[in-house]
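Note that the chains take the letters A, B, C and D in the order they are written out, and that residue 1 is the start of every chain.
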Amino acid sequence: MNLWLVLAINSVTLGGLLFLLSAGFSLIFGLMRIPNLMHGSFFMLGAYMGSAFLKQGLGFWPAALASAIGMAVLGGLVERLLLRRLAGQELAQVLLTLGMSFIIADACLMIWTGDPIQPATPPDLRGAVTTAGLVFPIYRIAIVGVAVAMAVALWLLIDRTRIGAMIRAGVDDAPIARVVGIKVSQLFTLVFCLGAALAAFAGVVGSPYLSIYPGLDAEMLPLALIVVILGGAGSLLGALLGSFIIGFLYNFGQALFPDLAYVILFVPMVLVLVLRPQGLFGRAAL
Amino acid sequence: MSALVVKDLTKSFGGLRVTRGVNLDVAEGERHLILGPNGAGKTTLFNLITGDFLPDSGSVMLQGRDITRAPARQRAHLGLGRTYQIITLFGRDTILRNVTLAALGLSLRRWNPFVNLDAQADLEASAMAALARVGLSHAAHRLLGETSYGERRRVEIAMALVQAPKVLLLDEPFAGLSVDERRDVQKLLMSMPRDITMVMIEHDMDVALDFADRITLLNFGEVVVQGTRAEIVADPRTREVYLGS
Amino acid sequence: MKRRLPSMTAALVVVAAMATLPLWLANTYYINVASQILFWAIFALGLNVLVGYAGLTSLGHAALFAMSGYTAAIVVTAGGAHLLGAVAAIAMTVATAAVFAVLALRATGIGFLMITLALGQIVWGIAYRWAALTNGDNGINFKTRPQPFGIDLTSAPAFYYAVLLVFLTAVMTMAVFVRSPLGAAVRGTRDQPRRMTALGYNVWLVRFAAFLLSGFWTAVAGLLFLYYNQFISPQVAALQTSAEALLMVISGGTATILGPIAGAAIVVVMKTVVSAYVERWNMVLGIIFVLIISFMPDGLVPGISRLVRSMWPQRRSNVTGERAAKAASEARP
Amino acid sequence: MTIQRRTMLKGLAAAGVAGAAAPFEMAAPALAQGAPFKIGLMTVKTGPLAQGGIQMEQGLLTFLKEKNNTLAGRKVELVVADTGGNPAGAKTKAQELVEREKVNVILGPLAAFELLAITDYILQTKTPLVAVAAAEDVTQRKANPYIIRPTTTSAQCCHVMADYALKELKFRRAATISEDFAFGHEQMGGFQRVFEEGGGKVVKKLWPPLVTPDYTPFIAQIGNVDVVFSGFAGSNPVKFMRAYADLGLHGKTPLMGGWTFLDDALLKSLGDEALGVLSGATYSATYESESNKRFVAAMQKDYSSLPGGYASGMYIGGMCVESALALAGDKSSDGTAFAEVLHKIKMEDTPRGPFTIDHLGNAVGAVFVRRCERKDGQLVNTVIKTYPNVSQFWTYPEDEFLKSPVYTRDFPVSKNLEN
């Protein structure tokens, strides 16, 4: 097995998953300036809900979609009922989203017990690609496809639609957007739902190889933060590139510098923040 | 010796040149007015002088000392004071506390975590003196949030005065004031002793003309005309800028 | 000055109650819970210097908290005296805080939060991985509590009194700091950094000073944590600890002195006492946070004091002050 | 939300324990005499470690229900404490159990770092403790007279697995992979020592951090070996085995591990990727003893789950308390005396078979080598060899064993590593 080739391919696949995870976080943070510390919880809860749908006999992709829709509704409720009242109050948002993440984590533990769940890989995507002594699971390569498709879809949404134009205007300057008649309030709800749905979708897609267990939320949240910090908030392209950079850093870092395994992602994060606080691809200062 | 000299000051943001080769020479005790329509680059010029921005090229001298690259905070210690166009004060504190905070800014005591600021009688006394000069002694203990716009303008000036600046930059001190308030501020500025050199930005010629010894007219970041009051009024380019022919 | 009389009386009553607590709480378990509340409160007060007064939200303070405990544990385990351990712990932690500050003060707002988070994770990683020094996840057992002036702190009441003494010192110096020139400068840099610069303040250095002060009290709290638990392991440096301390500050009320104390009390009581009766105590804690922030967005202490003021409208001057403050904060760009 | 611990336990009873908890409050059976004997269970019911912690509680509740809360003729009362899975929480909860609840014995806690955080306190307060956490030195270089461990040290099963790999499977080249923390270090150290002293070579040692979202970069480094020995714990084995299979190594390079790597309780979370994996444990749900049949049946009935090491550890812990109560008689309320008696128990019919406690407090008993197989559609760990009377020192003389340092990341020293 060619180690470096496996690492390279795996970097791309991990990058794909990270993009699915962090795109929603980036949108929410970029537009609403909300440090959504329950994003990891959305990911985990989404994965759990997906596993429940799978158990009910739903197909893999329908389950992922159903979980995303469920999470969009839940995210919308949280935004409308709770976050809405705290606009602009960053610390209050931190407290609220952390508090919600406690609640979601404990609710998951209550409903799904602590036993790890590992949904089966979708039947069509089982097996592995075998070439030149190299074995690589088809499903992981498929994740890259899904991530790229999602990136294109999001890009079309943001770049080519009216809603997208509003979102862009909102990211650039919320007060001005309000002046030109964009209902920022509804836009925020929409974006929050979208972000939550993306996280849940990512959770289901990731579950066959990450598996689902208590604590998954806390593992995923820092990854989403790092990607968005590296890529720059509110920039889809930034999130995409950031995801792949982290994918490569993680894979090669773990293999090349095992002694630095614990800090392999955080040292670059500090460096980027210190040297370029707006992120590698972000425009506005944080 | 000139109080403030600006030489060939240039600054761009992105591709946009907001200040182009501006020269300014303000004598000790002079009242200098900087005129110009909105967007002429007046406030940017102030920001370059106070050090909020660093210029791309050119220099700034304060009383013969080159301060082009000096940090903004240091310029305050060297005797450069400034009031703001958009009022940025500490609304949750009293007027007195606002002015005391200004006085404290130049005192070494600002690093002391062990004493009560309210017990610093000398700082408070100088703050009260500054408030007296702007006619706000009676309101010293009011919360700033409860005061009128005109009063806040005067607090701005008191905060500058309490630092005993040698050169005071006034950024549109009349903006948004009622006729009465305008007259009060005007009177206050006119009564200022000559040991303070003053540079004022204003885009409304009428209010400010009486104030100025010399005037600089800016447009599109460039000096259009410079000279005495009479020279400026007489110059056809002034009419051009203001009437926009 | 007359207006402050009731609050002075209240403060005296509270201090008296705290001083006699071991007498009316017979069970040492509860005395120990009280000790824990106090040193967590010191931690929260220290964090509040940054979060509340300087407006800089740190999610990496657990690293400083742990740094202090680890340093003392390592020094004392290596045969150093307790005093040396304590001094080294505080020096080391303040030095680390200085490094954190230099890096994190490149940014404010979310950027600051992210840098501190990442730095905290790095320290956590080191605590975990550098097992030769830290004994890895097995942690370090700290055999005996120190004996300041020959006083044995083994018993729960003795330790409680020692912590209470430190706690009261912390509260008093914090109260003095808040009213001090530096305290005013720190709050000024939070509200109007640009204006403060124009007034001659070195905003960066003021924030740096706030970070060091925050680091100092965090170090003191970390020491007490070590003395209390007589054990330290990498979990202390984890993000969870930073988040918990931050939650204490925000839920109690930032930029107040009572707020972080109240927040510490809530979290510690939930974790220790309530968790014995309610299986889903984690969820209850989450719900409490959500409720506090929904009904009192600026925290428990400011929220309650506003409630109290609205019930006794005769203290009008404060109410108008509140309104003025609100107007002012809205006026800010 | 229930407010009272007791009502909470009743709630549990309603949820399927049916009668397990309620009798605490019922009139004492005729046999019981005097004040109830209080057992404190330190476990983790919230957070990432809850999986094992919930099983610990289930195991103990199953035992107490079976005994109708009466052990050796004495009524017992159970107090459950949730440490939250961190050392400071463990300390506080230990204080709650000892100082407020005045328990006679503590069972638990789950994690090694929790146990290490309270060992000094246990000694100070003279509280007997029946441990499940595996930290070697608790019953070795820093043995504590108040602690016994009826399960296993970290390395106890791994010594056995190394022997099996060498002698039965004739493996010579091995790679080890485990989380980078003490439990992993001690397991891998034990395997390496026996494997290399027997002529094998450990050519690769991989240490992924405790929190590792993707094991691929580590698995890709394994290279050409006869066997991969692993010590993952918690939910990590599930993730690891899937990645191992995904990269085509399942069925190609055999996989072996310690008891947490393929705990019986994990089987329901696993699929075909676990087939053929060997693990060494002091317990197997398939073990044919009277008490184990009762235990497994009760666990299946009340919680519809297969008991693993944590549940059985606490069930067996309960049995130890029962034996000691019978031996100690009137002295059982004296912590020191009770702890002494705990060291003297000789267990016959337990879910892990007969075992004794050595003078340092650790169990000497059977270790099972198990192979994961599918039977009637279900994954099971079938015992393929039993090593009887395994001590924590393996075959080494005690004093020689204790003279060398505890197993770490770098001890035993690796001489055969290849890139």
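One rule holds for everything that comes next: a contact is a pair of C-beta atoms (placed from the backbone, for glycine too) under 8 Å apart; a residue touches a chain by one contact, two chains touch by 3 or more.
Computed from a predicted structure; not experimentally measured.
Hopping across touching chains, the smallest step count from chain A to chain D is 1. Distances between chain centres, each the mean of the C-alpha atoms, put B farthest from chain D. With each centre defined as the average position of its C-alpha atoms, the distance from chain C to chain D rounds to 38 Å. Taking each chain's centre as the average of its CA atoms, chain A and chain B sit 49 Å apart.
Our note on geometry: chain B versus chain C, Cα centroid distance of 41 Å, whole angstroms. Per-chain CA centroids place chain B at a distance of 75 Å from chain D. Looking at chain D, residues 46-47, 180, 209 sit in touch with two or more other chains. Residue positions of chain A touching 2 or more other chains, listed in rising order: 105-106, 218, 261-262. This structure has the following touching chain pairs: A-C, A-D, B-C, C-D. Put simply, chain B touches chain C in their complex at residues 50, 52, 71-74, 76-77, 82, 84, 86-92, 97, 101-102, 104-107, 109-118, 120, 143-146, 159, 163. Touching chain A in their complex are the following residues of chain C: 51, 57, 103, 106-107, 109-111, 113-115, 117-119, 121-122, 124-126, 128-129, 239-240, 243, 246-247, 250-251, 254, 280, 282-283, 285-290, 292-294, 297-298.
The residues of chain C lying in touch with chain D in their complex are 27-30, 32-33, 36, 125, 128-129, 131, 136-139, 141, 143, 156, 225, 229-233, 235-236, 240, 271-272, 275-282, 284. Against chain C, in their complex, chain D makes its touches with residues 1-5, 8, 45-47, 81-82, 84, 86-89, 91-93, 95-96, 99-100, 112-113, 116-121, 135, 180-182, 185, 209-210, 408-409.
For chain D in complex with chain A, the residues that touch the partner chain are 46-54, 180, 206-209, 211, 213-214, 216-218, 220-221, 223, 234-235, 238-239, 242-243, 246-248, 265-266, 268-271, 305.
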